[in-house]
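Labels A, B, C and D are assigned to the chains in the order they are written; within every chain, residues are numbered from 1.
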């Protein structure tokens, strides 16, 4: 019997296959663009307020005294979007416009490989090698920051671009090693299994702290968090790769940095803080998908808040010192973390919990 | 007893001590100040610092006491104060000259106030006055005698900073000096010239722009009796009692008794007003107009109407 | 224990050899040397312990058609000499002033000689890179610190009448 | 324009061939990390090969202006060289002229000048720390330093009636006496500041991040420092025991007990620590000066030569009888407006916040000076850019620059 093509059916299919189809939904709504935008706004506001409290001042206040200047960020957003975009004549225009957009898209890519529920209906891609895919995708966006630097044909941005390329060599290995140490201890690349292994209350972050610390510092280095704010150090090289950008383009660049930090935080929340640990996702959209993703987002928000608080405490490293910290301290730390992961696998720490069937 | 050189060296730290202890100390200090912030920011338009009399703010001329010696114009380092000759009147040997000030150039160094042999110039303890154009910063002789209108005092909360061991500076609400002129000693014809509500100590706060030079004269005696006895006089604008006991009443009559033909020699400010009043820029126009028509009535009614 | 000013004068005389007139002024001792023997006197002073230049000054005397260049030197390392400042002065003709540069002897004189060059036009030969330091080249060409570069000063009185001033408020 | 090596010369661009394969970076006047000066840095890779400070963007030719002004009017003029250190900057000028007038200010005026000079020194060091913090990206130190500086600016305002440009010293004395409760304020401020200095050390100097940026960076050995003729903390951090307050004590410095901190490492960290210790010494000098001032009577503190010619109203104003004029204010004698200084040449030097500032004053008996030559502490430190910076990395430039406690208006004059 031919089904009646009614408005309801179209609306239902439209919702199911376009809006709530996991890859699209994850990319656009919950951990994706909209959530990242809301989080970026909250984090910037929190960063300015926290730094203000430490620094004997009030932070954004005058725009809405009762809510402590919260609407300041919306005002900034509007300002960025309506500001005039000045394009210098000596700029290689085509790439100049493409690079920031590419940087934003690529920094969002890893979200496709991140599961937010154990309910298979809501997995964006088959989850067997999701950890590997997520970590691999996080390495793409720095390339476009360097392209931005080259396209804007300005001395300061060239220096900024070169520094970005140095920093990439420093943190890539550390990020990958610390993230993959969990695969060693749980002998699986499936993020869902990793989260379920930790649902017994034994978070991997507590069990393998060196890995958590190495991943945390690596995230700071990727998104030029405060001790490592080297590519766009304003007191040395004005704004680094972003010097020639203005208006919405500059907003896009800043957005790319915050989105990258948000994606890393979500990944770390899943791997180290047990994802949706205490809550067992049910079936259906709200219980099975919305609630666990909010829990993961909350944990990621905590990690980002700690990262942005460091602005009030730290200065800025020199590029060679940052590389020194990465190579001399972080890589051995990450190796140690990997060793701890192997030790856990050897002693069947997680397997002993009877949750995980030993592979092979 | 005098200075002794003292050799010191930078405090050393072991490798582990530096990395772990240093980071921890810095982070803990940051968290400590995050939880208990020590902030003494002045929320400027909502609060303003009520400075005491010694502050070198705007400068005001007391017309009667100025003897036109010109030493203030000669000492002014930035040529912000210069002398201007008043038009020669019959029955006068030499033309009289008085200082006028240009606040575009004034650096508030206070040399003119310090050098004036008859204390004819005094500082008003506020400096944050808003003008609409550079032109208004150049004051005529008439404007120079009036205290600038301190708009911040009308809606801001007066605040004072007090030193403190733990917090450095602490904001304290400056206590409101009730300068209610005691009517008893007040010369009977002079009702309290500033309106009763929100009695601001400074005459400048009188909402209506005080009419010309006579008003500050009349204004001052109102305050002068009340705080005479307090040692640190908080009101900046007072007439020193000893030097001119009888100045106020005669000044007041003079404006009332000769409203039409130019006043006597010592009132030249009165006489040039009709000339200047015509060309004054529009904003001041209303003011001059206002003072002109009320100038003839008794000062008391003038202040009442002025107090609207 | 502190040697008196006279002690310093004797040390100077012994260091600089024959008849150098040492004049005790308010705050510093002045030595007069003609330009030819400037570098030699400077080198001797340096050996005597005066190890840095505090200020290089030039004074223009249009009447005598001369420019006087003074090097105020003193010592940082020697406690005794640190209490006194010695002015090594030399007179140079006003129209084409050339002074041997002491940047070779005291490195600290280099920047200040550039400054004297741009203000007075005194050429220091032997100076590493004699360029104007503070002023733009075209302003430096006018040698502004010489007495013949006049700066117009205002006087105490306004040139307007009372009516003109109160109406136009021009600050002339 | 030579189109050498394929350089594309767009209209308005200047292409010139560099002799060596160096990368020229203009850290120009409008750069967040340069203040009002341009530093032309030739960089090979990340290492600076040549540094040429191009200064003069805030130059006001004060020496020419001073020749057109009366003696008294030059005090507010010279104050504009470093308004955050106003007393230290104008004091040598006043002393040089007093030497020509051969007038010695009374004891109380000397102590008052010492007190204000030390308040200014602490305020100027805190300003230097603030800028140092911004250069290293440490915004907390910037806010803390400028916040705590507010206390000393408030002290100066209570003492002199103006926050920064107090033009307090005058030929023969000072312009105001101390208010009644000033001693209490000073003791509270110094107690607060001592506690804060330890916190500065915790979050900045001992912070491993900052320490690695400063230790061993911009090392100036003792001999090199003296040869370049540097001034102030930059010299004392390289092991040179030189301070004008030690070599030629002026005002009340020979009656006040304090130490001159000297470090020997000569790197940026030693310069920072040297300033912290100098602030501690200044705090103790302030307390000693205030103790002395409170114990001794408020007798006249303008030289008798100027005071005895004063009419009665001057005494009234000083006693506070003129209500609207604030107490203890000293009126100037009209003679000051047309003071004539006897002909002569004099030289005076004072230890300002950034080093030794020297004045050479020459008078030919008229009422305007014939020649005034000023060399400020910062001006003598500029040469260190050219000789101490090459060899470091480009990222070290702000670290060394901040440790010199730069202040362009002071070295441009």
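Some observations on this one:
Just so it is clear, a contact is a pair of C-beta atoms (placed from the backbone, for glycine too) under 8 Å apart; a residue touches a chain by one contact, two chains touch by 3 or more.
Note that the structure is predicted; figures quoted are calculated from it, not measured.
Note on connectivity: the fewest chain-to-chain touch steps from chain B to chain C number 1.
Comparing per-chain C-alpha centres with the mean over every protein C-alpha atom, the closest match is chain D.
Chain centres here are Cα means. That of chain B falls 31 Å from that of chain D. Annotation: 58 Å between the Cα-based centres of chain A and chain B. Centroids of chain A and chain D (each the mean of its C-alpha atoms) stand 47 Å apart.
Averaging C-alpha coordinates per chain places the centre of chain C 22 Å away from that of chain D.
Counting partner chains per residue, chain A has residues 54-57, 312-314 touching two or more of them. For chain B, residues that reach two or more other chains under the stated contact definition are 26, 29-30, 40, 74.
Those chain pairs judged to touch are A-B, A-D, B-C, B-D, C-D.
Interface of chain D with chain C (complex): residues 55-56, 59, 61, 63-65, 67-69, 96, 99-100, 226-229, 235, 240-242, 246-248, 344-349, 356, 358, 360, 362, 370-371, 373, 375, 379-380, 382-383, 387, 412-413. Touching chain C in their complex are the following residues of chain B: 70, 73-74, 79, 82-87, 97, 100, 102, 104-105, 135, 138, 140-142, 272, 275-276, 279-280.
Of all residues in chain B, only 1-11, 13, 18-19, 22-23, 25-26, 29-30, 40, 51-56, 69, 71, 74-78, 107-111, 113-119, 122-123, 161, 163-169, 224, 227-228, 231-233, 235-238, 240, 242 touch chain D in the complex they form.
Within the complex formed with chain A, the chain D residues making contact are 10, 13, 23, 25-26, 31-33, 46, 133-140, 142-144, 147, 203-204, 207, 209-210, 212-213, 393-398. Residues 154, 156-158, 160-163, 165-167, 169, 171 of chain C are the ones touching chain B in the complex.
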